[in-house]
Amino acid sequence: MVQSDLKKFFVYSLFLGILILPLVGFATTTFNASRAFTVWGLFVGVLAFGLITKGIRHSGGYVNLSDSLAPARNKIKDKLLAVPAKYYILALLAFAVIYPMVANRYLVDVGITCLIYIVLGLGLNIVVGLAGLLDLGYIAFYAVGAYTYSLLNLNFGIPFWFCIPIGIGFGCIAGCIIGYPTLKMRGDYLAIVTMGFGEIIRLMLNNWDNLTDGPNGLYGMAKPTLIYPSIADGGLTWVTFHLKSLESLYFLVLGIAILTVIGVQRLDRSRIGRAWVAIREDEVAAELSGVPTMWLKLLAYALGASFASVVGGFFAAKLSYTNPNFFIFMESCIVLCIVVLGGVGSTPGVIVAAVILSAVPEIFRDLQSYRMLAFGAAMAAMMVLKPEGLIPATRRKRELHASDHHQHEES
Amino acid sequence: MANDQPILQLKDVHTYYGNIHALKGVSITIPKGGIVCLIGANGAGKSTTLMTTFGIQPSTKGEIFYQGRAIHKLQPEEIAALGMAQSPEGRQIFPNMSVHENLEMGAYLRNNKKEIAKDLDWVFTLFPRLQERTGQLGGTLSGGEQQMLAIARALMQKPTLLLLDEPSLGLAPKLVEVIFETIQQINRDSGTTIFLVEQNANMALGISDTGYVMETGKIVLTDKSSVLLESEQVKKAYLGE
Amino acid sequence: MDTTSFLIQQLINAIFLGSIFSLIALGYTMVYGIIQLINFAHGEMFTAGSFAGLIVLAGLQKVGFVDSHFILSMVLVFGLGMAYVAVLGVSIEQVAYKPLRNASRLAAILSALGMSIFLSNGMMLSQGVSDRGFPNVLGWEGFKIFDAKISYGQVFIIILAFALMYGLWIFVNSTKLGKAMRATAQNKSMARMLGINVDKTIRVTFMIGPGLGAAAGIMVGLYYGSVRFDMGFIYMIKAFAAAILGGIGSIPGAMLGGMIIGFVEVAWSAFLPSEWKDVTTFVVMILVLYLKPSGLLGQSATEEKV
């Protein structure tokens, strides 16, 4: 059985590689041989790697080796798991706080991007992971937050901290608008509709020149401000401090991220979180048990949207610029990728995945153009090989593997 | 020796649906040429037996032999090619294809156009109502007509073993009689062995040679059908006395 | 231009656009019908077909073959382009979809998305970020009905599109394999019990569906003169809308839906500000899904939990 699988896989993979060859670099006027060879070689290399690991895993040698290593591996795993989560969290926080002091400007900027994706990933995790609803247009809420701040700040001079709650409000409304028609839909239709909505919002921002200046984007927003009281000279004055330095912006988004993590964890353990699990597992049963499924679904969308709009406002403020092209469908895919790779429903998984997906491309700057290529392949590969993600949420793992449980038993 | 060999043999077959142990060591022997029935209450595992035999719901333990050949690890399409056909639970005719097309699908593995045409005529003599509705879409047929179509389609495969899953389900008594008469006729005329699974114990035992009684995934009783019809145990549990 | 001519012009444009959408929508509907998966990578089949056709055409043109043997060149361009994408489609199915046939909906959707991203970026890397020009082999000449100008190129494409759709119709309704495909789409396990090799029919579906998408891609390239790595996206959405409008899983539905979307788009462009026409397509799609998810002619789609 394994032999023929291997053979077929090899044949098709080679096939695919050979097929891609003419498309690769064979431009109509010039032929770029080195580029062609690189992409093809990369592709075949990845497939060969996958092939080899599959072969090794099935071979007797590996099984013996892993069995003998198992006790040692388990001991290490147990030791690591025995350390209470608190210490890991503290270590992580300590690292996050020290980070800007030891890193240069460029790396701090990467750190900020990382934290933004963490917040986005966690927000989408509420919708996809906790409530089990698919959303392919999540980035629209990010856009709502960014544009709310931009428009309010540019046109009415409203300061950052007032715009954020307004942004949350608009985000919630957008969440409900997007959520409402999808309440009765499931699976595939949900995917298309949410994708459609995401695109509608982007197209509206792009075409509504009077309001948003269309593809030019908006610029010139004020940076976020800190207002604190100070006692000087005669009495109490309020000092407005513009967060212009990169470090201060970093700490602001770190704060947002920490609040998001706390918020999501709380939600997961609350009654709402459990109700979402009920809906995810069996909606009809939940409905019959008195769970208000409609409200809870809308709530999931609204909450997810809120987190996105907060960090969207931050994003616009940090750059002092925003543009519809920041919110293309690909971005929604990236956030979804983060949630899925990290492990749908798992907070630590999403954090790790966000770090990997935003930081790693920066480290390998030269391979920047291959970044999305790798994303796509990784996403498909992940689903085929390990659908529960890097750090799976235990519930999900059971769900995803339940169907192939007994197919393994016979072979 | 070839004639003595049973056409189907299940040996200690176990099947799981997820974590549910549906078949718990089922052993059945079906000799060539006659009609064997499997009766039992709803949920006893009768349909599972057929589905496991056909490879749709593969067994986890045990062996299945068809004409002496081990089939428990084969794919359903391979088993069909060996000469087994089924009219499954729920009839499962193709709703968006016409009666004629459904029957054509029955003959999918066959190539001899003349033979297929002959069998089509034969099937229409068995079930004249199907001929009347030959262009109609399967989904628009009544329950009884769909049952006829399911059996007819299976016959188009020219099987050596025909599996029938609850052909009486949901049909009016008169129609049930007609169908069971036709089943007997099929067995007489073509010599096809028939393995019949039924909740309607009376009718099933009435037309079969041997019977098996199944309860919660296990065979609890087996004997000649005539004997089972008279048995107190069977009478109380399944014959409504 | 008087009203009659104007209407005739719009009619031809609508039929032209509609046929292209129909071809792409057929690819979606066939794949969805048989394995209940929305093939997000289908837009890339369309684009890949366009590139493949371009390469063949450019090659033929260099040796002057196109001028001397136009019809044969077209046969080669479409034939090779579609064949290439057919094999590409099957490969993707084997690598990214087949292993997930029993998995959750979410896994399958994400795998498809991943493939879509992979392919479009692959094409971007190899063919560049900007438009690639198609040689102008169709020419600008045409004829007039009243005052409406219809180019030979448009006529050629419309006839070819209809021929392909007719060919598909014959295949699906009159051949054994085609009927087996329909049977498999309606009930997989029953099809297997009749001896139909379901894996094989799925593979064939993934050759025909993407193949038709590729043909549409070549047509778009020939007519509009260029191809870009990301042009698949917007066509994909519109073809989605068409397939859903017609009833996902239904082949006549996809043909009908494609025509309707073509007409809607042409009508919109003719009378209303065209920059909003894409938004309209999305809105139409969402409305259809909300009000009548089974579409005009279709079986209702899977309502499984993600």
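Of note:
Order of writing sets the chain letters: A, B and C. Residues in each chain are counted from 1.
As a working rule, a residue touches a chain if its C-beta (ideal position, glycine included) is under 8 Å from a C-beta of that chain, and two chains touch if they have at least 3 such contacts.
The structure presented is a predicted model; accordingly, all values stated were derived computationally and were not measured.
When chain centres are set by their Cα atoms, the one at the greatest distance from subunit B is A.
Counted by C-beta pairs in contact, the busier of A-C and B-C is A-C.
Centre-to-centre, using mean CA coordinates, subunit A is 52 Å away from subunit B.
Subunit C has its Cα centroid 31 Å from the Cα centroid of subunit A. Centre to centre, using the average C-alpha position, subunit B and subunit C are separated by 43 Å. The multi-chain contact residues of subunit B, meaning those touching 2 or more other chains, do not exist; every residue touches at most one other chain. Residues of subunit C found to touch two or more other chains are absent. Across the assembly, subunit A contributes no residue that touches 2 or more other chains. Against subunit A, in their complex, subunit C makes its touches with residues 32, 36-38, 48, 51-52, 54-55, 58, 84, 87-88, 91-92, 94-96, 99-100, 102-123, 125-128, 132, 233, 237, 240, 244, 275-276, 278-279, 282-283, 285-286, 289-290, 293, 301-306. For subunit B in complex with subunit C, the residues that touch the partner chain are 54, 56, 75-77, 79-81, 85-86, 88, 92, 94-97, 101, 104-106, 108-109, 153, 157. Across the interface of their complex, subunit B is touched by residues 176, 179-180, 182-183, 186-187, 189-198, 299 of subunit C. Contacts from subunit A toward subunit C in the complex involve residues 8-9, 12-13, 15-16, 19-20, 22-28, 35-36, 39, 128, 132-134, 136, 181, 185-193, 196-197, 199-200, 203-204, 207, 280, 283, 329-330, 333, 336-337, 340, 344, 369-370, 372-373, 375-384, 387, 399-400, 403-404, 407.
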